[in-house]
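Here it is: the structure, laid out below.
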Amino acid sequence: MKRIGMLTSGGDCQALNAAMRGVVKTLLFSGEDIEIYGFQDGYKGLIYCNFQMLTGHDFSGILTKGGTILGTSRTPYKLIDEPTPEGLNKIEEMKRNYAKLKLDCLVILGGNGTHKTANRLSEEGLNVITLPKTIDNDLWGTDMTFGFQSAVDIATNAIDCIHTTASSHGRVFIVEVMGHKTGWLTLNAGMASGADIILLPEIPYDIKKVIEKIEERDKNGSRFTIIAVAEGAISKQDAKLSKKEYKKKLEKRKVSVSYEIADEIFARTGREVRVTVPGHMQRGGSPCPYDRVFASRLGAEAGKLILEGKFGFMVGYKNREIVQVKLEDVAGKLKNVDPDASIIKEAKLLGISFGD
Amino acid sequence: MKRIGMLTSGGDCQALNAAMRGVVKTLLFSGEDIEIYGFQDGYKGLIYCNFQMLTGHDFSGILTKGGTILGTSRTPYKLIDEPTPEGLNKIEEMKRNYAKLKLDCLVILGGNGTHKTANRLSEEGLNVITLPKTIDNDLWGTDMTFGFQSAVDIATNAIDCIHTTASSHGRVFIVEVMGHKTGWLTLNAGMASGADIILLPEIPYDIKKVIEKIEERDKNGSRFTIIAVAEGAISKQDAKLSKKEYKKKLEKRKVSVSYEIADEIFARTGREVRVTVPGHMQRGGSPCPYDRVFASRLGAEAGKLILEGKFGFMVGYKNREIVQVKLEDVAGKLKNVDPDASIIKEAKLLGISFGD
Amino acid sequence: MKRIGMLTSGGDCQALNAAMRGVVKTLLFSGEDIEIYGFQDGYKGLIYCNFQMLTGHDFSGILTKGGTILGTSRTPYKLIDEPTPEGLNKIEEMKRNYAKLKLDCLVILGGNGTHKTANRLSEEGLNVITLPKTIDNDLWGTDMTFGFQSAVDIATNAIDCIHTTASSHGRVFIVEVMGHKTGWLTLNAGMASGADIILLPEIPYDIKKVIEKIEERDKNGSRFTIIAVAEGAISKQDAKLSKKEYKKKLEKRKVSVSYEIADEIFARTGREVRVTVPGHMQRGGSPCPYDRVFASRLGAEAGKLILEGKFGFMVGYKNREIVQVKLEDVAGKLKNVDPDASIIKEAKLLGISFGD
Amino acid sequence: MKRIGMLTSGGDCQALNAAMRGVVKTLLFSGEDIEIYGFQDGYKGLIYCNFQMLTGHDFSGILTKGGTILGTSRTPYKLIDEPTPEGLNKIEEMKRNYAKLKLDCLVILGGNGTHKTANRLSEEGLNVITLPKTIDNDLWGTDMTFGFQSAVDIATNAIDCIHTTASSHGRVFIVEVMGHKTGWLTLNAGMASGADIILLPEIPYDIKKVIEKIEERDKNGSRFTIIAVAEGAISKQDAKLSKKEYKKKLEKRKVSVSYEIADEIFARTGREVRVTVPGHMQRGGSPCPYDRVFASRLGAEAGKLILEGKFGFMVGYKNREIVQVKLEDVAGKLKNVDPDASIIKEAKLLGISFGD
């Protein structure tokens, strides 16, 4: 008999349910006798011992369902050593509940922040297996995270819709795509939808170059320009600021970077610019087939690790094979878009401007 | 031989191309010899005699294509009697170009504003046929406008996506749906996606009732609440203001009504509220099958009227039949959601709150 | 306290769950104390008293879910007076179980066959309310049935996909759309997807006219032709046969009519013809927004009738309003496509051939 | 000035237009002066010198468009040395036209068969660059082909639709997925849609094992079973036949393997089995975002090779990077599903049966 704790943490994304279903189906199909403790709303559930006993039945039919049947919440790692409002030591409570429930292991699904805490729990002696979830695809140690391709599909569809409207009215349109620190999502959705300009956190932009591109298109007879802007896009000037200064500037700005860029384009060219923010839509809806297969495979391999008693790993993906990555190697690192990556060069060959 | 002028005016929407294809296919298939003058960017094209000669080939393969191959722009009726920046009299220029090109008629696709000008041109002696285009479905004289159902599909899909994220995080989510004056789009997208609260321009809301509903859901164990808010939703207090006072207030507000509601909910309940604004996406993308059939039928009947030499009509839809509506009967009227309509009563039976 | 029996019968379709949710939400929201007996797999469940007790919770979150949570099966009315394999009298068993469970009423969701039995049960003294479910839209007494628009969307999407392949290869493509007796689905999907020829049960075709249209397209430089064929399409020759002779012929044919037409086109023209049969896909998947709103409205009005104690009705739709139609008026009638309907005339104006 | 010949050959698929757009955009954006000769309908166009002069304008707006603007046809390599009906030597004609038009290179988009001929033309001295197009993903030398993921999406969506109908009726459903020689498409669509049994050409099945799985599901209370069957699925018995014997058997069979399997299941268990064949739909429609990005990247790198004057390569994809693969290494090889691949093992961990 195995007692499995399970939780989903951080912003939700597509295929969380598919991944959990993969773990549970694998354990059940192996004939192992299992008890599943589903902690509610991420680490919070583990801290306050708030859980539900789940059976195979609860994981049936959820392959195509968005969201997470466990609920999720954010528990920033930088606050992990500060006590809860009730004065509880978070790490100690999680260890205590793990022990109290006699868990054999914890399956944790999450992104960057989640992995720091997961690694900490592993260092503290808990048996931890993690699965790489994020629409940002910015987890170190894996070529791909689930949720990413589904979010690309939604963001692309948003820009596709804007395309017809932009060409009818001859306008400049900015579509703001999720991604504060990394630009994978914006890059892929931008390329997929034929955006003319793509602005990423990793490649600071010069507004003059952005406007040059718009005017170049004008000269070539294109009535409109589509700009895909990551939430974390940053100008060359701002990129020179210290982290602290930039943070201060952001707090003052109130509106997102897209509106700032829109204002600058209007001020310098008199052109009508419209901003669209698909926002949380990008995390929702049914996972795309790619993510369903991918998350199921990861879940299956996580189930196998549990059966083999191997812990302390994130189940990742490298060169088209599922791999095990040590949690200590994942925690605290970010997988950024390399401005010299071949995909960036290819985008530039196609005439896409990054404003650099 | 018939010379047909054609233009699309106002905000673009889905199935404009499908409708124009319907007109042209009908004329061509009848064996009539025709010349099509496609005016660029709405009435502007007619004022400045900016047009392209089009053939049947240009209208082939556009049934499923969003946007308008003619381009569009807004020419507010209230400015129709003011001269252009170049000092031209708009109405006179349009009449002059119509005469100069020896047009037999004008086919005009547009919404409310467009119809005022179309009626004026008809009164001035031009042969005008119009087609009812708007995602708002607020044109008087027709049960349905094309673009509406496609926009419902997109707005519904947006709320569907938000649904999974809302239930995962246990949050209140506001989705802002297009519609400044009428709530048809919000009402239908809200009902289709299982929104818990729907706020329409036609039914002023009381923020206390909105919060009551959120708290009622809480008590029943629902972790989240989805609110579909029309751009033109208005509080009971604001509804008491004079038009002028309200306009003034709107100018001060800067953000849309959704953010105001979100702030109020947060201020009164401490609940995290997220706002999503699908915006111009709602006008874009391929028309849905319903709109394709509907726009094609309208286009066919418009083509038939041209062949019969009957002008001064909007081709509309009443009780599942295509009908002719006199332009003078359409112009200047708005088809609002009646707060006592059976669909509102049915929504209330289902437990949906309108905040009233 | 009210005891409500509920069952879904006949081929499944989209929005069955949405409709049932509408009934239950309305009853619960009214404050009425209810018990819901969900009979498994249609009338079979009522005959064998095979049911589940359901609560509001079971109907939560199913608005967007295809299929039916109750299961369904076909119980042909012509066999209703023949005993079951176990020798049971079907009508008597249903009456007995209705009485045994002390039901206050039965909510029955179904199409044509289902309504004959529903009317019979009503005549036998049971309190029956029905909801018009079918992808065929062929129920008498209602302008629309739920499932129809969703099926149109799927069939249209199928033909859209075929369109790109047909134009790439320059082929004739036949897409077989569901509908043995009525052509609403084929007509609408065909018009929505720009099919060149549409063959319906209601308009017998002449294969020579079909080939004429293909050759006319050839002459005009179109590389391909798309034919939307209803399952029940029939040639002019076959339409002259007696019912019995035709049935005999069908039994011999083995393949569906589409393959017969494909063979004839190949035999007479040497053209490569490909047949696609989306089949049961047309009944599946999430209901479209139109069907969700529509089914919810019908469900709400059914709930209201139950609360008012009015029985013996189908809840239908006439001129954009929900109406009550007496069961005896619905049973046994079919709503066919009228070959002289305006939609047919409009399709012909657009150059679509019906092979007549 | 560069003269580029371009052709698409074999069955069409999604993202052919996106890939060609990538090549052309790259050449144009580089400032190179180019002439594009678009050969009609694959190699046939080159043999008969049937072409159109194309400009950048022709490749604008086709990123999202399915099919191929050049048309395509099959020219089996095994017939390449046999003369055309008119007595022309195919290879010689292609060489002659290449020389006559003074082409600098040929860009060929195609799958397995296409690559044999492309390699032959390269060996004969023409400058050839190829792009890997096929929904089957069975090209040697590349991890991925464009069209594949789009086809997975469509096949998955088909099975998703069937899922709701299967669960409502409690039936066994077979969905036949494209793939005569390789099972990548069936495998991925099957896993993505939660199929219970997946039958591939690479893993011969035992009908008894298939039935065992169905009965196992029955015992566990599942009312239905979904089987994803590749067109080329083969029983263990048939796998023992010689190629010649098997071919003979296939010719006799007339119906596809799915119907054979359906009959066997019915004969042995009495269960109602329904077969759905989405067929050519799997090649059609708009390419998915993944394919659009992927095909654009391949196109960009092909454009770069042309600018650098490097020929004799297929532009492929290995370990997430675009690579150049010698044509002689690609031609005549097939990339099959390895029955011991980790993805197969993972599918088995999840409880999926391959009937082996």
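We just call them A, B, C and D in the order they show up, numbering each chain from 1.
Here, contacts are C-beta pairs under 8 Å (C-beta built on N, C-alpha and C of every residue); 3 or more make two chains touch, one makes a residue touch a chain.
As the structure is a computational prediction, the values presented were derived from the model and not from experiment.
Looking at the partners of chain C and chain D together, they share no chain. Ranked by how far their CA centres sit from the centre of chain A, the chains are topped by C.
Between the Cα centres of chain B and chain C there is a gap of 31 Å. With centres defined as mean CA coordinates, chain C is found 42 Å away from chain A. The geometric centre of chain A is 35 Å away from that of chain B, both derived from CA atoms. Across the assembly, chain B contributes 157, 160 as residues in contact with two or more other chains. Shown are all chain pairs that touch, namely A-B, A-D, B-C, C-D. Listed in rising order, the residues of chain A touching chain B in the complex are 8, 12, 14, 16, 41, 65-68, 71-73, 154, 157-158, 160-165, 167-170, 173, 223, 274-285. Note for the complex: chain C touches chain B at residues 22, 25-26, 28-30, 63-64, 143, 149, 152-153, 156-157, 160, 188-189, 191-194, 288-290, 292-293, 296-297, 299-301, 303-304, 319-322, 342-343, 346-347, 349-351.
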